[in-house]
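Some structures are shown below for you to check.
Next come two complexes built around chain A: one with chain B, the other with chain C.
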Partner chain A sequence: MKSKRKTGFILLCILPTLVIFAMFIVYPVTQVFYKSLFSSSGFGSSDQFVGITNFIELFSDDVFIQSIKNTGFLMLVVPVITLLLSLIFASMLSFGQLKEKHLYRTIFFFPSILSFVVIGILWAFIYHPNMGIVNEIMKVMGLDQYALTWLGNPDTVLWAIAIVMVWQAVGYYMVMYLAGMDSIPKELYEAASIDGANAIQQFVKITIPMLWEIIRITIIFSINGVLNISFVLVIVMTSGGPNNSSQVALTYMYQQGFVNANFGYAMAIAVVVFIVAIILAFISNKLTEREAL
Partner chain B sequence: MSNDKNRNPKKSKWIMRIILLVATVIFIYPLVWNIIASFKSNEEILESPWALPSMLRFENYIRAFADASMGEYILNSFLVTALSMFLLLVLVIPTAHVIARFDFTGRKLLHNFYLAGLFIQPVYIMIPLFLMMSDLSMLDNRFWLSLVYAASALPFSVYLLTGFMRSIPKEYEESASIDGCGYFRTLLNIIVPLARPGILTVVIFNFFTFWNEYALALVLLTSDEKKTIPVGLANLMQIQRFATDWGALFAGLVLVLIPTVTLYALTQKKLTEGMSMGGLKG
Partner chain C sequence: MKSFVRKWMLLLAVLAAILAGCTDKSDGEGSAESDGDGKLEGELNVAVFQGGYGGEFWKQLAKNFEEEYPGTTVKVTANPDIGEMIRPKIIAGNPPDFVYLNQTDPSGVTQGLIKEHGLTDLTDVFEGNALDEDVPLKDKVLPGILESVYMSPYDDGKIYLAPYNYNVMGLWYNKTLFEKNNIETPKTWDEFFALNKTAKKHDRALFTYQGTSPGYLEEILIPAVYSLGGQEALDQMLNYDPEFWKSDVAMKALDIFDKIASKDNALMNGTVALDHTQSQTAFMQGKAMFIPNGSWFEGEMENAPREDGFEFGFLGVPTFDKEDPLLALNSIEQVYIPKGAKNPELAKEFLRFMYTEESIKLNGELAKASMAIDGASDLVKEYLTESSYNVFKAVESGMYSISGNFAPVPKGVNVNPREVLFSQAASIMNGEMTTQEWADKMYGVYKEVQEKME
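This part shows the complex of A and B:
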């Protein structure tokens, strides 16, 4: 009697959530893979099974090749710079014993709670050739000849976007690392100091190994996060231009799906991105695998 | 943390301070610039990007409300955020409670199933979601959008809240059960109040996500009068309707920032604590 009521309670608690999660998240994920095998204008009847044709076409599509290169570039460059800077800032705050530590933490974390749209618009103006502060700073420093149309130049646009992504995420990971660092036993550092290890040696020999598991998690988070934010930033800041030089895979997917109504093709793009992300996560996971201290 | 074996601890402290101060300026200046620009005229924005406004042009804000429907977008965003939050809590509290406390077949599987969802970005699934909701006539409806938001917030929220609920001592429920309290009353009257700090963390984290969300709102809401503020602002930016009215565009940006900044100011301690709670104890 009691156990029947218990089972009923458990089911009532988990089933509605499970149904909604399955319907709005899990089912669409499976659809991405399934629909990528169809030539589809999207609405039911006109779907035609075409096997891997979409994927074959993708690899002779120059825009797609460009977009996947750009995505790969961001997935490699942004996590490396972001996590490195986060580690450096976190260790400064953790070891520096500065009185204003909490103030820095609050300010550095701030960009990571802002809307990507707001960030994109703001930075589009920061990079603006005439009224942007980047070029203003260049002028003040006498580097006029390097003042550029940052977002309008195929050579600089991707780096310009990468910098925004780093700016947005550094504080977030810094806070994660800071919490980890503060929980490392102080005796380790004291012992190392007595043995004559300097700050950098302590960082490499104690901090990094002690944080290793957190670092591994943040690498995967960061690679994955690039997908989401690059989509919004590219749409808001450049629409993929100039000449597709800042097109990322997911903005191209959006374009193929919602502008060209080429849904099957768009899903094939999503599948490739998904596979690239998994492979990158897998590789970084393998590369960072080591015995815990 | 006596790291003071450095030959010159004072000097290295000041080097650090200088680096951190430069970083502070880089992190904060874009926002300060935005707020200043929102009070300037077009000419001032264009010609003297560094200068303060000659006068505070509040009319930029009035134009943002009157000509650019920012007021409506903000109301829509509040509505969608509140509804999403309500739906999320109704879904996640019982689920987290059961996963944290009850032993049943498939519990671990269920937990891992939600955790796997942490890796699904909304942008991935926007097309199939759009197609499915179009088939079911769920498009352009703020309720369904909110339900999608709630669903997409589940992985992180389940993760955070089960962790928190496990840390509540079992004795409270045991004595409630002895007093003849049923499962539902225990959940509502005992667990929910005790889990309030955890629930608050879930609310704070997801407020930012819901309030700022762009990709799904972009495709799932089609009519102009239902749009949320990130979509409204991005449209303004894109169609360049504001190419001649930057003042109002910046005013719009400030408007969307106000709730974010307010909540951050009130909860930043809680937020960074939650980060370490969510990020480290996996």
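This part shows the complex of A and C:
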């Protein structure tokens, strides 16, 4: 009896949260799943139930397959490079005990506070085939044959976008790792040096394990970040071109929904992306699971 | 614990059901009211896109209208994201009475409404007389426009969208360069490609286009198809007849792009990667001889850097036969009255009012544009940039302007044929695709559309 009353009280307390959660998360998400079974132009009045037709068509849609491949590529490449670089930079700043530590921290963090649209425009000019700084540098170094149309060539465009995403995010994760490193007790390192461990051994045996929980979180953050940022960068820098070679899942969803007015089909894309993202998060969670120290 | 979870899931389900009920109810509402009572009073909600033409014209037009029709109030909402703003209202059965969205509006509202058959029939407005003249309004509109798929999307002889501003598109060049060096503007595609040598001599490429927005290439493709196969071939292409892509006309028209890609540096280096501002700037700085664009070009690039003495010259589009007149493509901005508008009669009167001479002048003054009405360009001459006035004049004096808009695709078609068509251009320009592969791909896409149409 007593415990029942307690549960009642707890329920009462979390009720507002549950209602808000239901209204703004559960309801929209179920709606997306539901509407993906319709042929819809977005006005609701003549939606037709088509079952899983949208999904069947998705998997014979070359552009969709291309966009999923591109998204997958970015989700693999960008987090790995970003997190590795952030770790390296963070440990350099943390161990080097540089005087200019705070200056570097600010400089590295700077890209994270710029708007994605600004970043996109900025880098579109950096990659500009005729007046961009990348090609100018290539020419100065005598590498004329490598002065490419970075964003206009299907072989280079995805890497070009991946580099921007890494550049944008490195500082953010670096600051997170720095904070984590500061909280590792110094005694551990002192003890290790007395035992004769060098800097790299200390990094691998102490820093990484102590940071592991933060790293796990940042992996998931970073994978999800790729999903979002790639949308804006692709829209601004290439519009998905040339010939869909830089199309990502969300830009294609946007195009189907808002340009072609095929909302049911766009919802189907959203469902697939949702499922893929959940699976990826799950896998990375499983893979990085470790017993607590 | 299990029962606890179950209880809450049940509650959530009920909640979701209630919420779902809220939205479903609104569907289809409002159509009952769409008949209106025909009285010319009450409130009119006008939703307009605020872009290159600004929003001032509409606000002033509303004031003039209110003065002319006492007892009416016109509420104008002008916003760059107007499409997104009105979508929920339309879904909720409470649409604005009068809508202007621009041709390339990214919200897809106009496309969606056309697909849904969600527009009010405007045929009577154009059959009836103009407000300030004793002629049917349709006789004042530039020829061919009301019948085009822009205004009459279903091929049923009825007009659902009304023309507003008018644009002409084709190839542009630097007038000063051509006059100084006695270069003649090309009349045919052969002459055009022959200019490649001249271009090299002046240290520039022959051609560039708005790389990441390859849709601009329709300003070349559509006139080219017309030049080769007339209206018949053009209708085939715009109405998704797959056989079109097996025809000589299609191959010859696509060949233009192949030639640009394969001729010695005819395409400006890096074009595919540039957005419209970057390529247009490069053109004005003398990196290329020709670029496709519309009559808004000079206004759009007002503050862009340019080479010394640069002057906008409009050439139109070359043809395949020297005897034919030069061609140009036109595009017309649309206004419409959604089905379910509260006061459609008043909205129609507002539309008629928009076509009076006074309003046309007002539009010229405040939006710096010319409506698709006979003689409008002369009425607003003083407000237009010199080049755009010349473009309109060129069309009035012999250059043939074509209306070419792809027919709306039926519901359930998940490809956008126009988009597929032009996104392939990048692969042609990069040398990764042949025109034959391009045509085959389009054949497949058209086949798919065709199957859903039946």
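Going forward, the second predicted complex is superposed on the first by the 266 of 293 C-alpha atoms of A that agree within 3 Å, B and C clash if a C-alpha of one lies under 4 Å from a C-alpha of the other, contacts with A are read in each partner's own complex, and residues count from 1 in each chain.
Throughout what follows, a residue touches a chain if its C-beta (ideal position, glycine included) is under 8 Å from a C-beta of that chain, and two chains touch if they have at least 3 such contacts.
Just so it is clear, the model here is predicted, and its values are computed rather than measured.
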Put the two structures on top of each other at chain A: do chain B and chain C fit, or clash?
clash
Partner chain(s) touched by A:239 [first = chain B, second = chain C, both, neither]:
both
With both complexes overlaid on chain A, does A:261 touch chain B (first), chain C (second), both or neither?
second
One more residue to check, A:113. First (chain B), second (chain C), both or neither?
first
First (chain B), second (chain C), both or neither: which does A:126 touch?
first
With both complexes overlaid on chain A, does A:273 touch chain B (first), chain C (second), both or neither?
first
Of chain B and chain C, the chain that contacts the larger number of chain A residues:
B
Is A:105 contacted by the first partner chain B, the second partner chain C, both or neither?
first
State whether A:152 touches chain B only (first), chain C only (second), both chains, or neither.
second
Using the touch definition from the top, say if A:29 reaches chain B (first), chain C (second), both or neither.
first
Touching A:79, do we find chain B (first), chain C (second), both, or neither?
neither
Stretch of chain C, among 61-69, 79-87, 223-231 or 421-429, that runs into chain B once the two complexes are superposed
79-87
What is the shared patch of chain A, the residues that chain B and chain C both contact?
7, 18, 23, 26-27, 31, 42-44, 124, 130, 239, 257-258
Report the residues of chain C in contact with chain A in the complex, numbered from low to high.
4, 8, 11-12, 15-16, 19-20, 23, 27-28, 87, 90-91, 106-109, 111-113, 115-118, 211-214, 269-275, 278, 282, 287, 409, 411-416, 419, 423-427, 429-430, 432-433
Residues of chain A touching chain C in the complex
7, 18-19, 22-23, 26-27, 30-31, 39, 41-46, 48, 50, 53-54, 57, 61, 124, 127-130, 149-154, 237-244, 255-262, 265
Touching residues (chain side chain B, partner chain A) in the complex:
1-3, 5-6, 12-13, 16-17, 19-20, 23-24, 26-31, 33-34, 37, 45-47, 49-50, 91-92, 94-95, 97-99, 102, 104, 110, 114, 117, 119-132, 134-135, 147-148, 150-152, 154, 182-184, 187, 208, 211-212, 214-215, 219, 230-231, 233-234, 237-238, 246, 249, 253, 256-257, 260, 264, 268, 271-272, 275-276, 279-280, 282
Contacts from chain A onto chain B in the complex sit at residues 5-7, 9-10, 12-14, 16-18, 20-21, 23-29, 31-32, 35, 42-44, 89, 92-98, 104-111, 113-118, 120-126, 130-133, 136, 167, 171-172, 175-176, 179-180, 183, 186, 189-190, 193, 196, 198-199, 202, 214, 217-218, 224, 227-228, 231-232, 235-236, 239, 250, 253-254, 257-258, 263, 266-267, 270, 273-274
